[in-house]
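Across the two complexes that follow, subunit A remains constant while its partner is subunit B and subsequently subunit C.
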Partner chain A sequence: MSYLNLLKLGAPEAIVVLIALAVLTIGLTNDRARGLPGVVAAFGILIAIWTTARLPQQASLFGGMLVISPLNSLFKMICLGLAFVTVPLAVSEKSLRNPGEYLAMLLLGTLGLLLLVGSEELLMIFIGLELLGLSLYVMAAFDKTDVRSAEAGLKYYLFGSTASAFTLFGISLVYGMSGTTSLALITLKLGMGPIQPLMAVGIVMTLIGFAFKIAAAPFHLWAPDAYQGAPVPSSAFIASGSKVAAFVVLGKIVLIGFAPAHGNAGWHMMQPGWSPILAALAAFSILLGNFVALAQTNVRRLLAYSAVAHAGYTLLGLVAGGRDGFSATLFYTTIYAITLIGAFGVVGMVKRETGGDDFQNFAGLASRRPLAAGCMAIFMLSLAGLPPLAGFFGKFYLFSAAFRSGGNHGLLWLVVLALFGSFVSLYYYLSVLKVIFVDQPPAAEPGQGRTAAGQFLPLATIVILAAAILILGVLPGTLAAVITKSVP
Partner chain B sequence: MIATLQIFLIISAALFSIGLLAALSRRHAIFILIGIEMMLAAANLNFIAFWQFSPVRAPQPVGVMFVIFTIAIAAAEAAVGLAMVIAVYRHFRTTNVDQLTRLKG
Partner chain C sequence: MTDWITRNVWLVPATPIVAALLILGFGKHARRAATGVAILGQIAALIVSTCAFVPTLHSHEFRAFENFTWFTFGEQSLRIGFVLDPLAAAMMVMITLVGLCIFVFSLGYMADDKNFSRFFAYLSFFSGAMLGVVVANSLLLLFVFWELVGLASYLLIGFWIERPSAAAAAKKAFITTRIGDMGFFLGILWLYHQSGTLLFYDGGHGCLENVALLGASSTFIALLIFCGAAGKSGQFPLHVWLPDAMEGPTPVSALIHAATMVAAGVFLVARVYPIFSAGAVNGVTSSLIVVVWIGVVTGLMAALIAVAQSDIKRILAYSTVSQLGLMMVSLGVGGVAAGIMHLLAHGFFKALLFLGAGSVIHGLHHEQDIRKMGGLRKLMPVTFATYAVGMLALSGVPFFFSGGWTKEEVLHATSHWPSSHVPYFLLLLGVVLTALYMTRQVMYVFFGSSRAGSDHHAHESPSVMTVPLIILALCAIGLSIFLTPAWPWLESYLLGHEAHIDAHLLLQPMILVSLVLVGAGIGLGFWLYRRAGEVDPLQQKVPAVYRFLENKMWIDEIYEHTILALAAFASRVSDWMDRYIWDGLVRVIGGIGQIFGALTKGADEGVINAGVDETTVGARGVGRAMSRLHSGQIQIYLGVIALGMLALFLFYAWLT
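Now for the complex of A and B:
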């Protein structure tokens, strides 16, 4: 293995590191510069996407530490794309002083995403998880002038590092029982005999860490605080990139690594394994997320609880398992990430103009900014799963994959629960839209018309994301076919 | 007494439980940090013990490698955690996590 070869295969990661250092240097020399770091970061991410597209079809380095496959390359590009659209949101956020440092943290977090997605070895997965986590904690606490940002950062950090300690302990038990940390070899070992109790403990503890990352109930307690208190671009990145990568890795770990310990989550044929655990997490998340979201009066908190519910829906695909289920999960989480970055973009605009993100701040958005209001309508209806938006097809693929799997429609109970949850969720998504389109803004709002300038960049980003949701809704087959083709 | 794998596993399980108890029951952010560090140390002990007592020694020292990385990661995590505690202390003048109640709902 020559170093030149390593550099060639690890080019996207290397470029992201270099750009992060460059942006940090620009930020150090001129800590108020806003445009230049943003342009450098965006340009660097585009180069990284281009090099990812030119990677070979199949390659593996250091026994699975860095694996290049169509699936990994596709999701590296998707994660880089999500980071790319977060850059304009971050640059236009005036409350973030030192944008150079902020963008450097964003790029290091992106590196964590790339390592997570591109590895099939537990050590590398853990390093990626921690790199991503540490960057996100700092990004959540980045607004030093805001009390809530510091509180959100500390809470996110405490829950996050406890969860990663669980994952590490779980990984240590899995390593001890199988003698290896490579997912492919763990499968071989697991397939050889009955599962030992210590191995079962290890699997469950590993899953806890990932349940935290995807914010599945009951490991969701950090999500409302982090989504509400963190600066808006950080919330957007936590809700999108981190979630996509976590689902890709969780899918790989359970479907490749722990495949022989599948178990069965069917109603009358429950068998111990990881799938009943994930099914229970999914059911609990769908119920809790949807019902608590009904009571929220802050849009970001509402999005957080709806994120818990969506984590539940997305888990359905993993419980169903197989190629069908995994590609449905990946399709849904991609659509969801695009939608949420857009929704947080609108929240950021409203917050800059009115100084808050409660329901009353959104009143009259339709008359103030019709374009942003229209985009928010697309995002909310897509989250609710109404046709012809992309969210509908995401749910359709997921639910049909779960319905078909498990022999004799054993997962029907979960599908019914998810349909009921989507029905409940319609209420709170529509209540956001009601505030935007029907309610009148309170007269003589002190912060009214505070700033209209500098909103072009985020608005353009939001419009592009909304267009993507519309196009993927009309032609869902394009992305779905690419994902299905890349899933092994 | 001969050191066996079982003894190491019992010690590491105890260490992990004590750390978890500290992280869950303590109200002071620094004590929670200490608890989390103990949980990470318990996992490290597991890796070393499993590597030392493995029946067939793998060509690569995976367990030791994992521990070296984890120690570095735990140090980074402590650094970020302490920075976070300082940021919170500047705003709230306390590090008691029960008094961080700006975000609710």
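Now for the complex of A and C:
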């Protein structure tokens, strides 16, 4: 093992670290600088994407701690891309008083994403989770002028660290029972005989940390507060990058590591394993997320509960299992991440202009900012699963994968539930659009009209993301083919 | 030419959609350009449709399709395509022709609206989406256009967004039809799973060409698809959105409720008819029986309600629901051609009626209550004459009106249904009711003397509105030529037969039955409403029945107090649970955990309990630290992790 080789294979991670340090240094010399750290961060991310694209096809270091595979490289690039579009949102967010520091945290969080996605070994995955988590906690609490931000950060931190404790305990049990932390070897060990009770306990506890990360009910309680209280770019990053990476890793853990303990989630055919557990989480998330979202009057809280519901849909693909199911999950979570960053971009614009993100702040957005309102309509309708937007095809893949698997329509119950949930969801997404397009804004007080300066960058980002959703809706094959090709 | 058009039939839906995008690109103030582009787009679509219609005439059982791979996903590739066959061609011509009349009419009707160009953009978009439904050769592609139709209808019904009732009606329409689409989508997934393709026709490999492979699941698939059809076509119990959708501008009602959106459901059933009739014994399958009975219930119920409505557009809306029920019955009993013929004829005369109502409303400065109208016969002669044609066609007066012939065909098909004769007699009752409520409406609006001051200023509409009325009236009459039993050209065309002229078939004994029933309905209406005042004569005679019907059998109220109340309750409960209930649960479980922990102290197992204990202890400590935060519920949140974990363990243990 030569360290030169490590440097070559770990180049994207190394670049992200260097850029993070560079941005931090710029921030230290001039803590009000906005443009320069933003440009450096964006440029650095682009370089990291480029180096990721040039990585070899297959490589494995340190017994699976760093694995280069088409799937890992693809999702490293997707995570870097999500970080890239978060940069302009962060740069234009005036409430972040130390943009350099903030961007450094963003980049360190991205490093966590890269480690998480690039590893097939439980311990390294845990380190990735923690690195990501710690950056996100800081990012959530970053707005020191806002008590809600501090609250969001603290709650997210306490909840996250508790969940991590469970996961670590679970990992230690899995290690104790199988004698290894490498996913590939765990599979071999699990395949040798029936699942021991203690192993089952380990598996379930390991899953909890991920259920927390993807905000599946009942491990979602942090999400509404964090989504609502954190600075908008942080919410966007928590809802997108962190979720994508968590689904990639969760998929690899259950489908590669715990494959023999699959079980069966089919109705009347339930067998113990992780798939009925995930199915239960999915069902609960879909029901709770959608129903609670109906009662929300704050757009960010609404997005948080809808995120819970979407985590439920996305789990369907993992429950279905197989190459089809995993690809469907990955496709859906990527689409979802793009949509949510866009939606949070609009929320950020509204918040800067009106000072809040409740429903009433969105009233009259259509006449104030027709372009942003149109993009928001695309995001909401895509989340509701309306064709021909990308969200519809995501759902089509997911549900048809779930329908086909399980034998004898075993997962029909879950598909019906998900369809029901997506039907309910249309109602609250339309409520948001109704506020934007129909309601009149409350009479503006003199002097309240804030300047529209500095909105170009986020607006451009939002438009590009909305265009991506439209294009991926009309031509879903472009992304789908790349994802399926990379899934082993 | 023939080859070119069969390969490029996608141009038909594409033209109006491109027009819509162009208009949106022009911006708000380019009114002239907007109407020009919209009407040109519609004319172009009409021309292409007609070109596409021609090759279907040449050979019998003509069917051309053009499939291509849209994308590959995993090992499977999803293919979509477009199809041209008599069903699609006839629908295309009807939609574009009726659409064009409506577009022109809107020039006059919407002239004063400030969002004039946006209206034409939506109208074009709607028309394109509907044409897409018709030419799609894949159930998935059809579904995409189907949802676009729903979205367009949402935009159009809620066009006057400043009216809260319009916004509510738009949402109701969108969401109610989505209930049906939920089933439809599941049906698509099921069909895909079962047959491996969603293409209708694929040279012997399409899902409609191999229905035998579906086996027993064809019933489920058919019923699920029917859910979607019932939602769009306003079948009971999903009909509630349709009358409310009258909140949109009248041309929208004409487009949505005559020629396009509501027709989509009937069209869908006709399109996937092989799935419905798979494994039929004597032409009857369980899914078709459901279709028949839903149709009968819808048809009769809506006709009854229509008798007691006083809004000119709502009467027409319920009559649409009722006629759609009739079409469904026809499809269900095996009369596919009859059902589609009635759909086509209905498209013309119902658009005529809606536009006529629009002309009346326009002339009366937006008065819609028929009890306040009267005597318009002399003030609006063209509107009256054309409206009378529409009314007679809808009532099913035989010989001269297209509606009469097609209704005859439907009744004929129903009378031969082997399963039961009840639907036939109920439809006959529906015929009487239809004639009755249409006579009532015409008596109120056009005869007698003015009942309120409002129509002093009534005036005939400008020719931009009356010319489309005249064209549609001519179509409503002229179409009869192709419909008579003596020369059933349209039926033969749809079924792919050769049409023969046989004058002896012109007079059939059953036509007498219709003649008597329609006569009875019109006579009864004439007698009842000859001197009607502002209070409905029926209301005076049987107030209880009238009230029941006037309130639409309280179906909306029933929904409001059951399903909607339940949903609201569920949402409140979940929200409340998410906020508060965990608190109690965590305390209880924490307590149990502590007791448990105390009992098993010293024992070496206890993973679960330790977990719970540790969390609750930790949570209490954290709770103190957090007590200064204004919503210090974090300790509960943390307890929920333990609770959730415990639930998962119990679930796992229960499985083993």
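General remarks:
The criterion applied here is as follows: the second predicted complex is superposed on the first by the 484 of 488 C-alpha atoms of A that agree within 3 Å, B and C clash if a C-alpha of one lies under 4 Å from a C-alpha of the other, contacts with A are read in each partner's own complex, and residues count from 1 in each chain.
The definition used in the following text is that contacts are C-beta pairs under 8 Å (C-beta built on N, C-alpha and C of every residue); 3 or more make two chains touch, one makes a residue touch a chain.
Keep in mind the model is a prediction, meaning the values are calculated, not measured.
Once the two complexes are laid over each other on the shared chain, residue contacts for A:Pro388 go to subunit C alone; subunit B is not touched.
Touch criterion met: A:Ala480 reaches subunit C, while subunit B stays clear of it. In the superposed model, A:Val138 lies in contact with subunit B only, and not with subunit C. By the touch criterion stated above, A:Glu130 is placed in contact with subunit B alone, subunit C being left untouched. Touch criterion not met for A:Phe362: it reaches neither subunit B nor subunit C. Of the two partner chains placed by the overlay, only subunit B lies in contact with A:Gly153; subunit C stays clear of it.
Of the two partner chains, subunit C is the only one touched by A:Leu221; subunit B is not. Of the two partner chains placed by the overlay, only subunit B lies in contact with A:Ser172; subunit C stays clear of it. Here subunit B and subunit C are compared by how many residues of subunit A each touches, and C touches more.
With both structures placed on the common chain, the touch criterion links A:Thr181 to subunit B but leaves subunit C unconnected.
When the two complexes are superposed on chain A, the residues of subunit A that touch both subunit B and subunit C are 147, 151, 154-155, 158, 162, 166, 169, 224, 295-296.
Considering their complex, residues 147, 151, 154-155, 158-159, 162-163, 166, 169, 198, 200-201, 204-205, 207-208, 211-212, 218-219, 221-222, 224, 263, 270-272, 276-277, 280-281, 287-288, 291-292, 294-296, 323-324, 327, 381, 386-388, 392, 396-397, 399-400, 403-404, 409, 415-416, 419-420, 422-424, 426-427, 430, 434, 437-438, 475-478, 480-481, 484 of subunit A touch subunit C.
Subunit B contributes residues 16, 19-20, 23, 29, 32, 36, 39-40, 42-44, 46-47, 49-50, 54, 56, 58, 60, 62-63, 65-66, 69-70, 73, 76-77, 80-81, 83-85, 87-88, 90-92, 97, 100, 102-103, 105 to its touches with subunit A in the complex.
Of all residues in subunit A, those touching subunit B in their complex are 63, 123, 126-127, 130, 134, 137-138, 141, 144, 147-148, 150-155, 157-158, 161-162, 164-166, 168-169, 171-173, 175-176, 179-181, 224-225, 228-229, 295-298, 301. Contact residues on subunit C toward subunit A in their complex (touch as defined above): 70-74, 140, 143-144, 147-148, 151, 158, 161, 167, 171, 174-175, 178-179, 181-182, 185-186, 189-190, 192-193, 567-568, 570-575, 578, 582, 607-608, 611, 615, 618, 622, 626, 629-631, 634, 637-638, 640-641, 643-645, 647-649, 651-652, 655-656.
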